[in-house]
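One structure is given below, encoded as structure tokens.
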Amino acid sequence: MKLGFVTAIVPELSLDEVAELASREDYDVIEIMCWPPSRAERRYAGVTHIDLVEFKASDAERVRETLAKHGIEASALGYYPNPLSPDRGESELAVAHLERVIRAAPLLGLDRVNTFVGRDFTKSIDENWPRFLEIFRSLVKLASDEGVKIGIENCPMLFTRDEWPGGKNLAVSPAIWSRMFADIPDPSFGLNYDPSHLVWQHMDPVAPLKEFRDRIHHVHAKDVRVDRERLDRVGILAHPLEYHSPKLPGLGQVDWGHFFAVLSEIGYRGPVCVEVEDRAYEDSLESRKAALRQSATYLRNFIPKRMRSPEL
Amino acid sequence: MKLGFVTAIVPELSLDEVAELASREDYDVIEIMCWPPSRAERRYAGVTHIDLVEFKASDAERVRETLAKHGIEASALGYYPNPLSPDRGESELAVAHLERVIRAAPLLGLDRVNTFVGRDFTKSIDENWPRFLEIFRSLVKLASDEGVKIGIENCPMLFTRDEWPGGKNLAVSPAIWSRMFADIPDPSFGLNYDPSHLVWQHMDPVAPLKEFRDRIHHVHAKDVRVDRERLDRVGILAHPLEYHSPKLPGLGQVDWGHFFAVLSEIGYRGPVCVEVEDRAYEDSLESRKAALRQSATYLRNFIPKRMRSPEL
Amino acid sequence: MKLGFVTAIVPELSLDEVAELASREDYDVIEIMCWPPSRAERRYAGVTHIDLVEFKASDAERVRETLAKHGIEASALGYYPNPLSPDRGESELAVAHLERVIRAAPLLGLDRVNTFVGRDFTKSIDENWPRFLEIFRSLVKLASDEGVKIGIENCPMLFTRDEWPGGKNLAVSPAIWSRMFADIPDPSFGLNYDPSHLVWQHMDPVAPLKEFRDRIHHVHAKDVRVDRERLDRVGILAHPLEYHSPKLPGLGQVDWGHFFAVLSEIGYRGPVCVEVEDRAYEDSLESRKAALRQSATYLRNFIPKRMRSPEL
Amino acid sequence: MKLGFVTAIVPELSLDEVAELASREDYDVIEIMCWPPSRAERRYAGVTHIDLVEFKASDAERVRETLAKHGIEASALGYYPNPLSPDRGESELAVAHLERVIRAAPLLGLDRVNTFVGRDFTKSIDENWPRFLEIFRSLVKLASDEGVKIGIENCPMLFTRDEWPGGKNLAVSPAIWSRMFADIPDPSFGLNYDPSHLVWQHMDPVAPLKEFRDRIHHVHAKDVRVDRERLDRVGILAHPLEYHSPKLPGLGQVDWGHFFAVLSEIGYRGPVCVEVEDRAYEDSLESRKAALRQSATYLRNFIPKRMRSPEL
Amino acid sequence: MKLGFVTAIVPELSLDEVAELASREDYDVIEIMCWPPSRAERRYAGVTHIDLVEFKASDAERVRETLAKHGIEASALGYYPNPLSPDRGESELAVAHLERVIRAAPLLGLDRVNTFVGRDFTKSIDENWPRFLEIFRSLVKLASDEGVKIGIENCPMLFTRDEWPGGKNLAVSPAIWSRMFADIPDPSFGLNYDPSHLVWQHMDPVAPLKEFRDRIHHVHAKDVRVDRERLDRVGILAHPLEYHSPKLPGLGQVDWGHFFAVLSEIGYRGPVCVEVEDRAYEDSLESRKAALRQSATYLRNFIPKRMRSPEL
Amino acid sequence: MKLGFVTAIVPELSLDEVAELASREDYDVIEIMCWPPSRAERRYAGVTHIDLVEFKASDAERVRETLAKHGIEASALGYYPNPLSPDRGESELAVAHLERVIRAAPLLGLDRVNTFVGRDFTKSIDENWPRFLEIFRSLVKLASDEGVKIGIENCPMLFTRDEWPGGKNLAVSPAIWSRMFADIPDPSFGLNYDPSHLVWQHMDPVAPLKEFRDRIHHVHAKDVRVDRERLDRVGILAHPLEYHSPKLPGLGQVDWGHFFAVLSEIGYRGPVCVEVEDRAYEDSLESRKAALRQSATYLRNFIPKRMRSPEL
């Protein structure tokens, strides 16, 4: 496995600076954020480390040189919009840009693109299903043609009242994944698996790795704490951020030893990218860099350092 | 404490038959269902063991005689509609009948009426709040004037897709109870406390007894099982009946020893009424009677039998 | 469900005395031991409460009258030999008598016979399989023709060194049951399910109820304690009685509330028979009767008492 | 085993009334309080159901008749002073009356006396030891000569600030019991074992039964709850009643199934007496009677009812 | 946060050697022991890495140069006597030297001094309270005037029989801290928080961080094991070292992931100093250095390494 | 303690290459495999990093120089045959080569040899005992004479059907170790303690360290996962690899913090050698090297790095 981080956490750095940071902090790869360059309002959204609008082969070459200079690889391109937004304009923009991202990946020598399925959060899962199929059958077809694997992050995108009741991503549970892959069986379609989202949904965060072993296209390393005291006040029907907090790996309730034991058992050799969303480490660029440093130290207990010398 | 059951489970029996059953099965009290006599469609709803439309003192006298004949008392009158229904007609009917129930209680020598707060389940809690206050300030005033305590059952009324997303009852958690009692401080306004609803909301089902000790007007004894295997498939964002099942007391995850330890510590001396909603015991009247028999046997481990002889 | 006990625990009593005891101790049914009348040496084996050698319709009539006199029914006939014994004589005798027991059941108005599959305990499971199929295909065919369900108890029959290494019964785990029922799919072939044997094998004693719901022909209520202190000395590779002890229901580690919750969910309505093998209650007939009394008291928390009056 | 209760909980009743109560509430035996008839100030102390001052054979005969009339036996005589009190007068009075109690037992046909070792609570265990040996060597000698077993209750007698720091009874732990029985090996000297005191001392309440099997002369059935919330505020160095509360059997944290499993395994056949000290059941004689009723119901799950008919 | 250690563990090294050791072993800071230079007898007491008797600005300058030479900072000055000792001379000496330490801190550019409140261990908390207020109101006033924060370590100083019954430090629990800060509200007065002391007092070691977030002036990283086997012999009323042992971080029962999650959530950015008291690492200077090495490795999983390069 | 690994995992490397690898991956020592140079068929068996057939002082010198060149020491010589094999030829060869290994150790300046006791796996423990005593009394005598400690690994050597029923090593539990050391009390005879084998035998993997503190001659660091889902299908009577998997340290269920806490408490200062048997890391030499890298990173949390500079 290769240790990386999601570049959304350092929006103020250029790609060159991000790659330098990754190298210095002992990371092997980075998942590069590729939002279209207009600012989004959601936390961690709207970050553009590669601008894919009008992206050409020469641009791709420059990106590859930048990464190579620091000995860093890209694990994937990341763009996490809501393709099923009830706002048709938002939806169309998302799909159009996702297509760009999928087409850009091979130019960059990459075969992974990470995103959300999205959801019309005002409607039920069943009501969303036809539109999900329509949009993603097409996107998966494109990805398959381009030799690209799509990794859907399993985040419910339901944290506070503005995403209530449905959240902005359908792909939240094994039951739904099974239905997704039954309806769109193309092996290009898979998961960007983040165990933390199963913990706060009170689910086993490790068991699904086995069932979906052929669909794990990418992994996010984020941790989480369910706050028992707050949960006892509000219960699971409250907005989820009322009872849980994202955490750096090792500061939460994911059993990482178990997680990596099973991840290695299913033969996963791909990237594991730290996703920093711990509010206790967000007050400054320095804090966020410290979060990356600490996360790398912790995760190296489970991901062997790569050997840089040629003979190994 | 006095052991009872909610009469909704035996809709086909007359009040006289219910009281006879209670006596034979070693119960002390019954909570008598008082829906208006048109049939409702929800399970356990629409049961009318006393018809309060056109209810007169002479009717009350007959009820009292019927109960006395079997040595059974009424713990409360029960009517569980949705007073905040988005259907204004349904809401008005609910409020009007609730007023009838409240007025009937003193005629029957009773001081407890159990119900739901209700909810416009398509709207958020905040959006429901003004209408809740408007309706319940008036109902609580009436109850207070009549010397009646209102016990709100803490059931989320959110089980399957037709109640999604909000459920049909606001009063689901300590956080909301605190807000309710802050806004309507009249001590007549309280809870019909059912620990099982806290268990499936992943909350401590015992701790709130202490904080709300002055608001526990009535208690329901229902148990529940969260099915770990199903929960691991669907997570807490699914419809709740996808991952939990109501159970008879002793067949679920409520720690009844702990529950009764604290209930006795806070000085509760009121009724504890079994609410049978265990589908495994619903196929026939005989099964439902067996459920009542078994529940009484189990709960007598924690509620001492009353002594019927006068000197005790 | 109906509460009963296995008559092996009171070998010195006649059938009439056993039925009287059952009635007095609040049991509904008994599982009647039907060993051929020569004494066996194993504990609890060799008990003959009905002698089926030369058994005629008139004998059956007498048995039925004896039970009816005390208001007790038979849950099943029980005979637990080793049909796959490496001692061919023992094996043939077992099979021959099992055939007698199966043929006797309908004469007695019964449709259940309980037994063991047996095992050549010196050989592996695979080595035993062909002989198991040969013998049991024939027995199940007979049972099916007679309208009798065979319930195989899931006891490993491996307690001390004389049964080492393989134990004297193949049918010990869900994996093996699945294989058994795949090879002999006749629905007459099923289980006499005892949760305690799964506990000491460190398995979930409740989960298999769901998978094998159509094969649960009979249930034994026995409890068990794994002794942590002794297990820490010898480990699971030691002879099993070095680290566990059978117990009366309620004195062990079976979660009976969970067990009966699921048993009722799968719609089981059959007998649940206490099997007393707790050495702490074996020193005298009086102690064994006390064990039956205590077991009934405990289990009535989960099995409603039958109503004896006709109108219920 | 025989189910009983400690008579201290009903000081206002005469022995005749206590025996009648025991019989009606389904108890087999009572432990009879025999304090000298001047009132003590400690809760549950100072109760005199038999006045042993000037006690004669004819008095004994009357007591036996009273018990026999109700079919109740005495499990033991109980007197729980502080024989090692720093107040020499208190100490001498305690020892003198203990001698009376020991001498009275055989007159009543009894062979068990329960008490405390006591402690000069201002001094360490070592500092108390010589005086303990001096006083108890003599008392045990007397008991042995009289054919009486002394059962020392394992209560630390340290609840609130007036008993701080040492508590008023040395015999609180297996370590101390081992030292006691090493120094006074006479088998008449043993324990009146109460598992609840080990729970709040954060010890295994069951394991010592095996080690001290020959010293378990009597058993008290009391339960206890350690209140996690309060303990988190004050810690184990606070006065013990700041973090725990005595409870009726079944309302606390003793695993009674485990307790009785091991109690039966070690061959204990003696009395098990409910000691009611649950403040939630103390407000009236009626409440205390209800506590006895509930405790008997609960414990009958583990102690078989005696058969009253002669042939059993 | 900054990782450090308490210098008491290396009494034989000079301050220069300690700073060199800290630098080599990857520590950021050290808490410098400042006992008056006569030897004390308690383990870890009496260490003088800066002699503050006759301490002048020039001495301070030398200390600062020494630390700067190795790139190490001082987290605090530490002096842990018993200011409330029943020995008046000991008490006066402690207070006088504490005043010196408080005055010295600003000379060294520091704003933290760590100590104990102390206790007359022969008396109750209430009896100690007036003297505690008298002495600490004055000390806190001095500290406040000097711009120094006092951090009281929450160690009960009750380990063996010589500190029985009360221990030599009042400040052991949230209940007492609340009382302290209510009576002396000056924000200079706070805690040097060590989670291990809450673990062996059977308290939640993390929860108080939130309530006392404004009072956490310094943190000690020490771990602890409660030995279940020994505790089962002696119980919580024994001398605490009979049932627990201090341990290096990571070898005990503190959940450091949880601890640092909450520590970062409350915005703590101060020092976290390893306090080595693990007897298994005390036999030689080499062992103690190894303990520091191992502790740093372990804690770096949770405390990001500082970046030494200026641009970060 | 010194961190090492067992060289069996890199059979294709020469001793020189192994030592270089150890040095580069931050290990202090290696346990060197010394099988006779004919290939064995068992996984991890048959590895020959030093060929001891015809081994001379000059060979020993070359080995020592090779290790010294890389700054690596040998923790022990390892050879794990079945000296009690039912195949007499295999048994005699094993004993003869073990004698060679024992004699070679002092030539290499070593005092530790690790092996198995072996077992005739078709027979019971008692049946094996006389031959065990005969063979090992002689081997231990030789070792004692040579100044060598024999460390018996506590692996049951029972994984799959070919080792059923008894496994190929008697020394699997504290009960058996006690019997071994009672019969062969020579202190040269001891254990090569691997906690993982106790975990899958459902035993406490830490407690025996205390009892056998004088017999812990060497330690293996291997981890293990019991797979609950598989165990629930097959139970503990199945072949052990049907329900558990060996794992790298930190990926399994050993509580390493607890393990090293007690290991340091009993004063163990010897080698702790990683034994890689995790199938997820076996597909290539590169994977196995990565496994060693990761294991070292993880274990350095508990074993301080050695200081290479002379002054430390």
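Note that the chains take the letters A, B, C, D, E and F in the order they are written out, and that residue 1 is the start of every chain.
The rule is short, and it goes like this: contacts are C-beta pairs under 8 Å (C-beta built on N, C-alpha and C of every residue); 3 or more make two chains touch, one makes a residue touch a chain.
The structure displayed is predicted, hence computed values, not measured ones.
Taking the mean Cα position of each chain as its centre, E sits at the greatest distance from chain C.
Annotation: the chain A:chain E pair of sequence copies touches via predominantly different residues, less than half of the used numbers being shared. The chain with its Cα centre farthest from the Cα centre of chain B is F.
The centroid of the Cα atoms in chain A and the matching centroid in chain D are 64 Å apart. Distance between chain centres (mean CA atoms), chain E to chain F: 42 Å. In chain C, the positions touching at least two other chains are 207, 301. In terms of inter-chain touching, the protein chains here follow a pattern that is not a line, ring, star or complete graph. Taken pair by pair, the chains that touch are A-B, A-E, A-F, B-C, B-D, C-D, C-F, D-E, E-F. Of all residues in chain B, only 225, 229, 245, 247, 250-252, 278-281, 286, 289-291, 293-294, 297-298, 301 touch chain C in the complex they form. Taken in their complex, chain C has these residues touching chain B: 207, 257-258, 260-261, 264-265, 267, 300-305, 307, 312. Contact residues on chain F toward chain C in their complex (touch as defined above): 124, 156, 158, 161, 164-167, 172-175, 198, 201-204, 207, 231-238.
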